[in-house]
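One chain, chain A, appears in both complexes that follow, with chain B as partner in the first and chain C in the second.
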Partner chain A sequence: MNLTLKIWRQKGANDKGKMVDYKVTDISEHMSFLEMMDVLNEQLIAEGEEPVAFDHDCREGICGMCSMYINGEAHGPDRGITTCQLHMRMFNDGDTITIEPWRAKAFPVIKDLIVDRTSFERIQQAGGYISVNTSGNTQDANAIPISKHAADEAMDAATCIGCGACVATCKNSSAMLFVGAKVSQYALLPQGQVEAADRVKNMVAQMDLEGFGNCTNTGACEVECPKGISLTNIARMNREFLKANLKG
Partner chain B sequence: MALSAIFLIFFLVMHLLINLLSVFNEGLFNEASHFMGTNPVIQFAMQPVLIFGVVYHFVMGFILEIQNRNARVVSYARNNGAANSTWMSRNMIYSGMFILIFLVIHFIDFWFPEMNTKYILGDMSGMHNGEFRYFEELQHKFVPIWRVALYVMGFVFLALHLLHGFNSAFQSVGANNKYTNGLKGFGKAYAILIPAGFIFIALFHHFNH
Partner chain C sequence: MSVLDAKIPKGPIKDKWTTYKDKIDLVNPANKRLIDVIVVGTGLAGGSAAATLAELGYNVKAFAYQDSPRRAHSIAAQGGINAAKNYMGDGDSTYRLFYDTVKGGDYRSREANVYRLAEVSANIIDQCVAQGVPFARDYGGLLDNRSFGGVLVSRTFYAKGQTGQQLLLGAYSAMNRQIARGKIEMFNRHEMLDVVKVDGKARGIIARDLVTGKIERHSAHAVVIATGGYGNVYFLSTNAMGSNATAAWKIHKKGAYFANPCYTQIHPTCIPRSGDYQSKLTLMSESLRNDGRIWVPKNMDDVMAIREGKLKPTQIAEENRDYYLERRYPAFGNLVPRDVASRAAKERCDAGYGVNATGEAVYLDFASAIQRYGSEQAKIQGIANASKEKITELGEKVVEAKYGNLFQMYEKIVDENPYKTPMMIYPATHYTMGGVWVDYNLMTTVPGLYCIGEANFSDHGANRLGASALMQGLADGYFVLPYTIGDYLADDIRTGTIPTDSPEFDEAEKAVKDRIDFFMNNKGTKSVDHFHKRLGKVMWDKVGMARNEQGLKEAMAEIKQIREEFWKEVKVPGSADELNPELEKAGRVADFLELGELFAKDALMREESCGGHFREESVELDGEQKGEAKRNDKDYAFVAAWEYKGEPADSVLHKEQLEFNDIELKQRSYK
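And then the complex of A and B:
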């Protein structure tokens, strides 16, 4: 199929940037969206132009790098997938596809479609860990009784890959789904209890400091999240936060 | 935000119940109005709390909106919000602003004249020509069709606001559990029935005066 692409081009963090039109031809419907981008970039290199910079790594939906806002949706029109898992068969011959970077104050553009997501890492560092005795006497996790239900819910929360689609899609650029998942994966397990109160307070404080917006429960994040992280995680974080602050 | 909203949700039920009396029983409505208007606990304890609740809610609403707008410096060239969220959830600030305009008019219609009669002119009797004045005044207000239309619009926006707001408030205070699905149904019913009740009252008095 033949496509018109409208892509955000920005030379660097301080460049103003603008949308630029490109044409690609003979795109197979079996290609992934990133393969289509590869075709475009080879074409640009052959023409002596600067290829479009975009993040990617695993190309199988586990690393969360491939951030692209496609036709007004994070990771494009399909559900439960990342951009590398988006197939070109979701589009039609002759389509115009708009491709933009994640937009949020806390995710500044580095170049073209690449954004800086280290704000997520700083949130994680603020409390997304547990203390484990590593002196050689580490307790076997299997020796701690954990209900199947709690284990399942913690695992579901832990499937968050930190891609940032939730922030990108949220009209408020809120990071609550990501932080809710990271708080929940520990809050549900006995190992997470020791630091529970500090964790939620510090992670929320860091989230606010980074300039993410506030959650108004539109639910857009849950719909666009490639890993199906549920809004119940945000409610759990709100509970944990209230609990931690009431305790003082 | 959520706590003030839940408070307002309770208040609306009270307000609707008292207003409904005006449809079924003129005498009861007059007595209830007189009680609400002259009881010192209601006038000097509950009323200030209510006013604070409303003001707090919309001031925080505006602050929230400004912070959230600032969290995205460059907006998307193309954004498909309808793909993942309801219109109501994305436009709370606009439905809220319309409710605020309505509230200003509603205060000019009922609250300011009440304050004037009672506390400036000092007439606490609630009487006019030997009879309770509340029902008469209410009916009189809904004669002009433009005011009825404005009230109906106000309540349509209130319904839109609550269709998202009711359940949003519970999620905000951390309540998302096995009751949530049931509560969602109840929230939808509340968001439609309560404003519909107010609309019914406005229309009723317009056509029955």
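And then the complex of A and C:
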């Protein structure tokens, strides 16, 4: 198929940036979206132009590196996938595809389609851990039974890949699905109880400091999340937050 | 030829590690604050090492090329992590894990290291649970296990099909705690481009800030390389696009010997390639072989009809299917080790029985598992005379709970529903057992320079068992390196900060800058990928699943030629003082073009078949094992450690003779 691509080009953080049109031809429906971008970049290199910079790495939907806003949707059309898992069979011959970077105050553009997501790092550093040192003498892994239900639910929350699609897709640029998922994973497990109150307070404080917006329950984040992280996690975080603040 | 000293402690194998730990020099907590350690790479090995060293009190500087440590390719490991917990009560023990690993590695690993690995494996699970890693549990609330290839017990702990992700996030959370305290200084989007040696010791690195292009000097008292394997030398592999061998290759060029490069794991269950544009291959976890049965049609007519789209695999009757693994290896069946399964798939496809258009695919079929689980569920739920549809429905639910995300991944890529029709799979490069040579302390041949995880030549011999990579990465990082590095650093408590304005740093930085300048100014006409793809094709065709003398000699010559052409013709757009992915790739491919040739040279030298290394000249000619790989313990029971001498072809071989005192050398039979 032959396609027209409208791509955001921005030289660096301080550049103004603009949309630029490109044409690609003979694209196979079996290609992944990023392989289509590879074709474009090879073409640009051959023409002596600078290729489009975009983040990507594992190309199997788990590293969370890829981050394109395609035709107005985080990770493009199709659900439960990242951009690297999006296939060209989702498009038709002659289509025009608009490709932009994540848009959020807390994710400044570094170059073209690459944004800076270190705000997520700082939120995790604020409390996204259980304070246990490495030693060969922690208690036996089976010493504390954890119900299958709680373990499965914690696992569902823990599958977040930190890609930032939730933020990009939210009209408020809220990071509450991301933070809610991490808070929930630990809140659901006995190991996480000891530091639960401090964790939720510190992570939320850092989230606000980074300039992320608030949640107004539109649920767009859940729809676009490649791992299907549930809104329930935001509710749980709010509960934990309230509990932590009431207890003082 | 010199003899390499592996520094294996004396005494019975069961006591070596304990005795060693009792006798090493320690650094007192106050002095640890005076010591800096650089960790390059933040996957399971690097991440766990950085966190643990920081907890101990060292000042750690950690480097990752991605925008976060959480994105290292360990994250993509699906199936699980082994540990000799014997929670299932099926006869597992430290010795059995040790034995399975040595046997699985085709008797080409160092006994003392493997025993230590098995010994600390149980601690890893305890540690990870304490960190909040949500491993799968059964209804009683205890941890669940599954079985993997090459073993007869269930010792694999898992978190759905995302075990690597959960373990890495565990190590990442431990890192975050130390980053917040300032004990780890994290350098994201940075790439190490050389190591700096002062007075023969590793004392720092030269790194490039990938966003600004700035070349930076970082000093430390010791340097740890944890940058993963070199599978991307094949261009197409299950590795991440950015996975590279640059750090490992740079230290090789500065004196670290490179061991067994020819030991590469070609994983049997990957999604087959579909076209020339393909950028990477996707793994389907080995755990699928617990329930999936591998087959091709028995009759050539059926093969042809399938390729032409006239016949569906589900229409082929049981008696017309060749479950070739069950046929050839009745004892292990579909759960033979990876190298055996891969070669068996290649054998069937080479014989013409491949089931897709390219002729390079076999079926992985879940139909009988779905029926089996379905019937079981019907009984549990008390459904009498359940219909076939009901049983299928119930069975699919069980399979979905076990492998749901893998099935979804398959469906998104191939556009077929694997619940209804068998998956198509084919082997692909996945893991490299070879790597930087290290002694028992995980130190390379350069003092103060350590190498851990997949990047070292490791504990897996010539073939790694499933779910053992995660085990080794975390064992090295959490439980081995933090002890062994202290023994070395005990001599450095009075050294003080290593200055970066020395001639050694000047020289290393100049070499790095010169190379970048060369790339930016070269007036070539071909992209980096052009050369990488050509290298990959030579590697796959001639240094792939089966190798022979003639092909390997040709490969060496061809790789050299591609390399020479690369340096004349490569074209790198953009500039050096900005984010420039093409420039990053150019440096990595330049190193792969050297490593590939050494790889072929090593494969040529090793005139035996062992593990992932299969020489067509070395097979069993008769008896029950006819056609199987033939090892040669008399001449090749050694680790081949190569010393860099300018050109890959001129590398000098050093042998570490392997001694087997606790395990008898035997032919590896899975019949």
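Note that the second predicted complex is superposed on the first by the 246 of 248 C-alpha atoms of A that agree within 3 Å, B and C clash if a C-alpha of one lies under 4 Å from a C-alpha of the other, contacts with A are read in each partner's own complex, and residues count from 1 in each chain.
In the analysis below, contacts are C-beta pairs under 8 Å (C-beta built on N, C-alpha and C of every residue); 3 or more make two chains touch, one makes a residue touch a chain.
Since the structure is predicted, the reported quantities are computational estimates derived from the model, not experimental observations.
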{"item": "Contacts of A:209 with chain B and chain C, given as first, second, both or neither", "value": "neither"}
{"item": "Residue contacts with chain A in the superposition, chain B compared against chain C", "value": "C"}
{"item": "Contacts of A:131 with chain B and chain C, given as first, second, both or neither", "value": "second"}
{"item": "Touching partner for A:194 - first (chain B), second (chain C), both, neither", "value": "neither"}
{"item": "Touched partner set for A:63, first chain B, second chain C, both or neither", "value": "second"}
{"item": "Partner chain in contact with A:169 - chain B first, chain C second, else both or neither", "value": "first"}
{"item": "Touching partner for A:220 - first (chain B), second (chain C), both, neither", "value": "first"}
{"item": "Of chain B, residues touching chain A in the complex", "value": "64, 67-68, 70-81, 83-86, 89-90, 92, 164, 167-168, 171-176"}
{"item": "Sites on chain C touched by chain A in the complex", "value": "48, 51-52, 55, 66-68, 70-73, 75-76, 85, 87, 120, 123, 125-132, 134-143, 159-160, 162, 165-166, 169, 172-174, 176-177, 179-180, 186, 188, 211, 238, 240-242, 274-275, 277-280, 282-283, 408-409, 412-413, 415, 478-479, 482, 527, 529, 571, 573-574, 578-579, 581-582"}
{"item": "List of chain A residues in touch with chain B within their complex", "value": "6, 8, 17, 19, 69, 71-73, 77, 98, 100, 103-106, 169, 171-174, 211-220, 223-224, 231-232, 234-239, 241-242"}
{"item": "Interface residues, chain A side, partner chain C - complex", "value": "11-12, 28, 30-32, 34-35, 38-39, 42, 44-46, 48-51, 53, 55-65, 78, 80-81, 85, 87, 89, 110-111, 114, 116-118, 120-121, 124-126, 128-136, 138-142, 145-148, 151-152, 154-155, 158-159, 161-162, 185-186, 189, 191-192"}
